[in-house]
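Given below, in the form of structure tokens, are the structures.
Both complexes shown next keep chain A, but they swap its partner, so chain B is in the first and chain C is in the second.
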Partner chain A sequence: MKATKLLVIIGTLLVLGLIIYFPGRKLAREHVNYETAVQNHPLSCISCHYYTQRTGFISKLINEDYLSPFNLTVSKDGRRLFVIAQDANELLVVDADKKNVLHKIKVGIHPHSVILSENGKIAYVSNQWSDNVSVIDLASSKVVDSLKTGNGPAGLALSADGNFLYAVNAFGSNLSVINLKTKEEINRFSTGNNPTGIALSKVSKELYVTSRRQNPVAYGEPLVSDFTVVNDSTQKLKKYISMNNAYLMENVAFTPSGDLALTALTRPKNLVPAIQVERGWMMNDGIGIIEQKPNGKVVQLLIDEPNSYYSSLFDVVISPNGKKAFLSSSGVDYISVVNLDSIRNIIANTSPQMLKRLANNLGTSSRFVTKRIKTGAVPKGLALSPNGKLLYVAEMLDDKIGVINTETLEKIYTIDLGGPKRITIARKGRRLFNNAAHTFQNQYACYTCHPDNHEDGLEYNFASMGRNIVNVISLREIADTPPYKWSGKNQSVYKQDGMRFSKFLTRTESFNYEDLDALVAYIKTGIKLPPNLMYNKDGKLTESQLRGKEIFNRSVDNLGKVIPKKSRCVTCHPSPYYTNLKLEDVGTLSKTDDSILFDTPNLNNIYASAPYLHDGRAKTLEEIWTVYGGDDNHGRVNDLSKIELNDLVNYLKSLRGSNYEKSSLKTQHASF
Partner chain B sequence: MEGMIVATQVPKNLQNANYYNGNSWRYFSKSKIVLLNPNRVNKPVKVLTNNFYAACTPQISFDGKSMLFTAQKSKNDLWQIWEMNLENLKAHQITTSSKNCIDPTYLPENRFVFSEIDSDSISKKGIPLFTGNLDGTNISQITYNPTINFASTVLKDGRILTISSEIYPKEKEAMFMVLRPDGTKEELFYKGAKGSVIKSRGFETTKGKVVFIESSSNKKTGDIMSIKYNRPLHSSVNLTQEIKGDFYTVSQLKGDTLLVSYRESKSNAYALYEFNSKTKKLGKLIYKNDTLNLLDAILIKKHNRPRNLPSEVNLKSKTGLIVCQNINFLDSPDKISKAVKIEILGMDASLGKVTVEKDGSFYLKVPANTPFQIQTIDNKEQVVNGPSSWLYLRPSERRGCIGCHENREQVPENRQPLSVRRAPILLPEQIKEVNKKRMH
Partner chain C sequence: MKKTDIIKQTKLTAMIIVVFIIGTLSYNLSAQNKKPNQNKMPIYGHWKNFTSNDGLPSNKTYCVRIDGKRVLVGTNKGLAVYENGKWKTYTIKDGLAHNGVLAIDVSKLTGDVWLGTMGGLTRWSAGKFENFTQLNSGMPNNLIYAVICDAKDVWVATGGGAGKYDTYTKQWEIFTQQNAPMHEPWTYGVCEGDGKIFIAAWGGGVVEYTKKTKKFRDYTDPDGKMEIDLFPDDGLVHDITTGTSWANGYLWVATYFGLSRYDGVHWKGYFDHDSGLTSNFINYVRAVGSIAYLCTDKGLSTTDGKNWVNYTTNNSSKNGKATIIVGTKKTELAMIPSISHNFVLGVDVSNHTIWLATSRGVSRGELLK
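After this line comes the complex of A and B, so read on.
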């Protein structure tokens, strides 16, 4: 009897199991098909529901805290390396001979660069997300002071006399001059847009500051990014030098003789319809060369080759004899070795018209690139030993320092910085995000148009030629703000980066599902929103911002009339992401757009995302209403005074990530 | 079979290679495919295609387990494409065309590309490339210009590299053209010196080079040429300049070692040798037979699959789009061109003239799968440049060029062509002048 009962129970459970299994599997299949927009993605729950966990136990289980070496410098005796571990918020002191980490010094948030004082006793570390510079006593390996900077300090340089520290403020687009005796910022210069790199010519005593974003212009106008030149002796702004058709100038270096300044740069083709990748049609990589003499030439040469591109140039260093330059291409994991005499020869013996052409010539690199040296994953900062015999490479996503013999031009060993050995799914995704191998002939990586996981400030013509111009969208808070594309056609990151992405953008084999899982895991979990230290440091809004907040949330206009719900800012832009995740018509359709609605953008840190609107037509937030929003389709604004509009804009600039707003909200601390 | 070599074996006295229809060059009467061990010098070979009247030009699959080849089952059969399982040596026919199908090579995703010869129409239509599934389905033409296309291979980047020569209105010298497997984005990859002849299939090595056989205008015998994938138009090196004799085919054996068909003089048969591309010296003899030539030798080996490129072709579309940045942009800034119009030339007639924009740009919508040439014209109706090589666009293909006769290593200036601010000009429907009714 008991056996019969048992059989009945088992049989019932089996039947119930089958009843649940088949419809459940069907539902799961439909769900996965919807999310991935393909019919054959493996029916695996962990792809989306495990790898993309951002908080809690599972997140801790599947992720690791990596170091991510970003920039580095070498002591004068060559025995110590000082390495920025960006994701660990540390400065690592490395014994270059014994190849081990001696000290880990906690610095500010998201450190960017490190330099040493002339006597080698002090290290200065810029903390990009803390708006300060850590002053470190290297004898005790302790942070002994903190110097306040502008917003987003990146590159650092000391004045020739060692009395002043220059800090490049990447987010504020200016340069802080700090008196090291008084520890006060004594001056601040406006620079080009989004500067990061800085170098001092020991000959001319001039400082060159790079910029990564173009000067704001309407789509179709020539793209120009500026170098800022400051006289170190007089501490006066000297001039701006235009670098035409180039951006993402990350770093700059001078030759020891001071005859040339070199910068790594990218030459985008955003004004050319994106109809092919072949023949350098989308993105090129090169060096900018500025002759240091009266009426010196400003020249650009590509380091790419026909059929082969060296994407995401980052750093440039020059050998002590001024004969070689080394450039890191973090999109392809290569160092390019440049013969500077060949460069000098090209500049001296080529007509101005021909030099202009060479800026777009893929074959010229064969005249000056003498070697390509393979590195670990995503080479960023470079540093030469004092005698110039060794080149140290920050292999960011390997947590290692690659060491290259500059005579044999071979990588001779690596220094393991002691990061986690396990490569997590998200870390793999981050490597894919940064690597250009998933674009035809390595022409660009996801990172190229989304530097710092943000956007590059450009508009592109991806769809019909001359039509549907689109402003690149930031990836910050992307996990929580579907749908994707301005048209909102993509319901998930999976679809956004899937088959059509490969067909129309990367134009090579699409990601396999394993890689796509990893990429999505990184994009949905690993992208951090910087704090909004410029406009909302601590959550206390200014009076103007508070007035602007009232305008943002208002339901009645200045005339006492009720504002229709659809015309209230807060209706389409509710917190915490300030988007209703829907498509809307705000009257911005142009005659070159297909007749569509546009995805409502999220607004946190919107101050850092100029230009604005779907096609980037508004150079500033103000222009959204003063130039393009006069018909009240994009919120009721016509009743506002100029001061009130300023208040509204000030409030918008204060918006910051929800993780900074709600202390109770758990944030993902793991790095990838 | 891994590590063995397959090759085409043909009687010593070869007919002269016919570069027009491929006879005795891309396919050989009474040929056999043989198997041999590269480490056992001059040991007897094993014939793999005894059941065929003729079989030649073997190509190995990416997993090293199968072989594509061209064959005639019986004497008067048409040449068709076959595949052999190298584990059980069973062969199955892939194409069943009413025309000769030759020169197959593997594409990713169980697909292949080959040349189809219609002897009656070569003079006007050339020899187009076709692709299809390895089960013989979905066979379709991918090239549509009047060119002869032979000896395709697939580059690691996923594109097809083919020996191509224009045939209409007169035959021109062959060059390597490269195109995507859907036939789009066809462009020049390599062109030899005047009078040179490309004689063999290109082979992309693991060292970033493409090696092939070429004869020069003053030396009719074949030399091994090497070009860099990264700079194919300006990197050719003759590896055998100092070697007397004649090379017929080349592939990679391992590292710097190539596998070559070579004969010292015309009185010898082509034998198989190793060749060191670094020292430029002929190496070990692998197989020699005084009465038989060994050609098209290739190592049986698992090798990396090329990229599987996505296709932009939409067969529902009947047109393609082409944009040019500036027709007056030439190969040197010193050269001045003052063209103001282009004329689109079809095979039989002019499709019309179009006035270009002030910046020299044009933007056209033309019938897909239809050959055309472009020539530039000045304001006195005189031809400035052209006609160009034959072009074609696949359905829904979008293609760009930066100028006319420009340096092939030049990339576009970052500038929006004025022409794309309007809708494309339709040809041949509106063929006389610039369409005044263009959109926006």
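After this line comes the complex of A and C, so read on.
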């Protein structure tokens, strides 16, 4: 009897299980197919629902607190390395001989660069997300002071007399001059757009400041990025040097004799159809060379080879004898060694016309690149030992320092900084994000068009024949703001980065599902939004911003008329992401666009995302309405006075990440 | 009265006397600081005139600014720069917002040149031009009559209100009748002094903005809309103001109906009929040290508030004169050649030279020993 009952129960459960299993599996299959846009992705719940947890216990379980060494410098005696651990917000003091970390010094948020005082007793660390520089007494390994800077300090340099500190403000696009005696900022110069690198020529006493984003140019014009030259003696701007068709100039270095300045750069062909990637012509990597003499030439030479590109150039350092330059390509994990005498010969013996052509010539690198040295994952900052015999490489996503013998040009060992040994799924995704191996000929990585997980400020022609030119969208807060693409055709990050990505952008085999899972896990969990310290430091809005907020939320215009719901700012741009996640018509479709509606973009930190609108036609937020808002299709604005429009723009500039608005919200866990 | 009370009272009296003496001394010292310069008025001569024949893009010049070893001149056909004895012109082809350059100032901090044009504001920084317009930025209006650099801020007086640009935050603040005591948004001049900004507001007199408190107050003509100055020295001489300039504790205000000076307490008016002012129609004022330089339709007047030196030309020839007025004594000094034209729109001075922007080119004078 009992056995019969048991059999009935088991049978019932089995039937119920089967009833649930098949429709359930079918539903799950449909769900996965929808999210991934493919039919055969493994039915694994953890792909999307486990590795994409951003807060709480599971997040802690699946992630690690990595160090992510970003930049570094070496003490004068060569015995100590000072390493920026960007994700740990620390400066690591490393014993170069014993190869171990001696001290971990907490600095500000998202540190960028480190330099030492002339006597080697003080270290200065720029804290990009704190808007200050930490002053560290190296004898006690303690932060003893904090120097206020502009917005987003990155590269640092000391004046020749050591009395002044120059801090490059990457977000503010200017250069702070700080008097180290009074500890006050005494001046701030405008620079090129989004500067990061700075170097002082010991010969000319001139400072060169790089820029990563292009200058604002008329819509459809080729890009130009600027070097800013400052006279250290007079502390005055001297000139700007234009780098045509180039951007992402991360760092700059001078030869010891002062005859050349070198910068790493990228040459995008953003205005020609992206299909050109198949012809090896979409995104090139090179060096910019500026001769340091009257009427000196400004030359660009590619370090790429015809079938192998060296994507995402970051740092450049020059040997003490001025014969070799070393460049880190963080998109392919290589150091390129450049013979500078060959460069000098090319410049001296080539006509200006031919030099101009060489800027696009993939064959030239064979004349001056003498060696490619493999490194760990994502090499960033470089530093030479004082005698020039050792090159230290910050292997960012390995948490290690690679050490290269500059005579044999071989990597001889690594220094483990003590980061987690486990490589998490998101960490793997971050490596993929930074690596160009998934693009035809390694031309570019996700990071190239999305530096700092943001956007590069360019418009691209992703289709052909000039149709559908699109402004690159930031990846910050991307996980919470589907759908994707300006047309909103992609309902998930998975689809955005899957088959379509390889078909239209990379022109190579698509990511396998394991890699795609990892990439999506990183993009959905590992990207943080910087604070908006320029326009909304503490959540207290200015009077103008408050007035702008009222305009943003208003339902009645200045004439007393009720504004139709679809014409109110807040309707399409509700908090916390200031997007309703829907498609809208804002009246900016151009004749060369397919007939589409536009995905409503996220507005947090919108101040840092110029140019604006789907094709980047608006150079500033104001232009969205003063030039392209004449018909009130993009919100009701034509009743506003200029003061009111300024208030609205000031409010928009104050918008910041939802994590900064809600102090009670659990902060995103860990680094990736 | 108790002895202690007497002592207390004596102490109090003594304190009052001391405070009174200190106060009186301070007032006198302050007054002395504002007294007209006892030194002689500077007299300029050896005029050298530059016209389109010498390399200027146009004879219609609007403004002039001395910038170290070079001189910047705003014309109706671009910016002219005089350096090493040669003129070089920059126009919209080089990146200017508009060829009509009405105002120029140079940032002492950065060396950037700020150009107010008829089509926007241009920053000329180390050879690079960057334009701010009412369309691409929060700037109030493209028609810019005056521009000044005040530390990190740049102020403009425009046809659509005054504007302040913070070069650090890259944000504009606009001041019009909507948020400031102005009669209408039209503003002609702006200057800085004593922690304040003084805006010459067309029809609205002078609008004073205290930087520390961010509060406004205005100064208007007590005689209202009357075209005559009914009660002398009771305030601004007229509400239609064309320029302001502050130096040595004095605010000088130019109007088309005379000149006003304000010492922080008292106003004083100057007219062509009761002072040495050469004309009531004043296009522009610039005060340097104790001297105010007044660009009028009938030549250049210079004054320390008491004495005058006026520079005029005989428009039919190259000759002219300097008229020196000390008290009631008037003397004339022949100037051959003289200033280029009597319609003067701009002036700037350095240690030993003076430059004028006129309707017939620019004039350079040297300080006579």
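To be clear about the criterion, the second predicted complex is superposed on the first by the 669 of 672 C-alpha atoms of A that agree within 3 Å, B and C clash if a C-alpha of one lies under 4 Å from a C-alpha of the other, contacts with A are read in each partner's own complex, and residues count from 1 in each chain.
Here, contacts are C-beta pairs under 8 Å (C-beta built on N, C-alpha and C of every residue); 3 or more make two chains touch, one makes a residue touch a chain.
All figures in this text were calculated on a predicted structure; none of them were measured in a lab.
In the superposed model, A:Y50 lies in contact with neither chain B nor chain C. Using the contact criterion defined above for the overlaid structures, shared-chain residue A:G150 touches chain C, although it does not reach chain B. Contacts of A:Y513 after superposition on the shared chain: neither chain B nor chain C is touched. In the superposition on chain A, A:F462 makes contact with neither chain B nor chain C. Residue by residue along chain A, chain B and chain C are tallied for touches, and B comes out ahead. Shared contact residues of chain A with chain B and chain C: none. Residues 109-112, 123, 125-128, 130, 134-138, 140-141, 152, 160-161, 167-174, 176, 178-179 of chain C touch chain A in their complex. The touching residues of chain A, counted against chain C in their complex, run 150, 172, 174, 187-190, 226, 228-229, 236-240, 534-535, 544, 619-620, 622-623, 626-627, 641-643, 645-646, 649-650, 653. Contact residues of chain B toward chain A in the complex are 108, 157-158, 185, 187, 229-235, 307-312, 321, 323, 325, 332-334, 363, 398-400, 402, 407-417, 420-422, 424, 440.
Considering their complex, residues 219-220, 222-223, 245, 267-273, 275-276, 278-281, 284, 302, 305-308, 351, 353-354, 356-357, 360-363, 366, 440-441, 461, 465-466, 499, 502-504, 507-510, 591-592 of chain A touch chain B.
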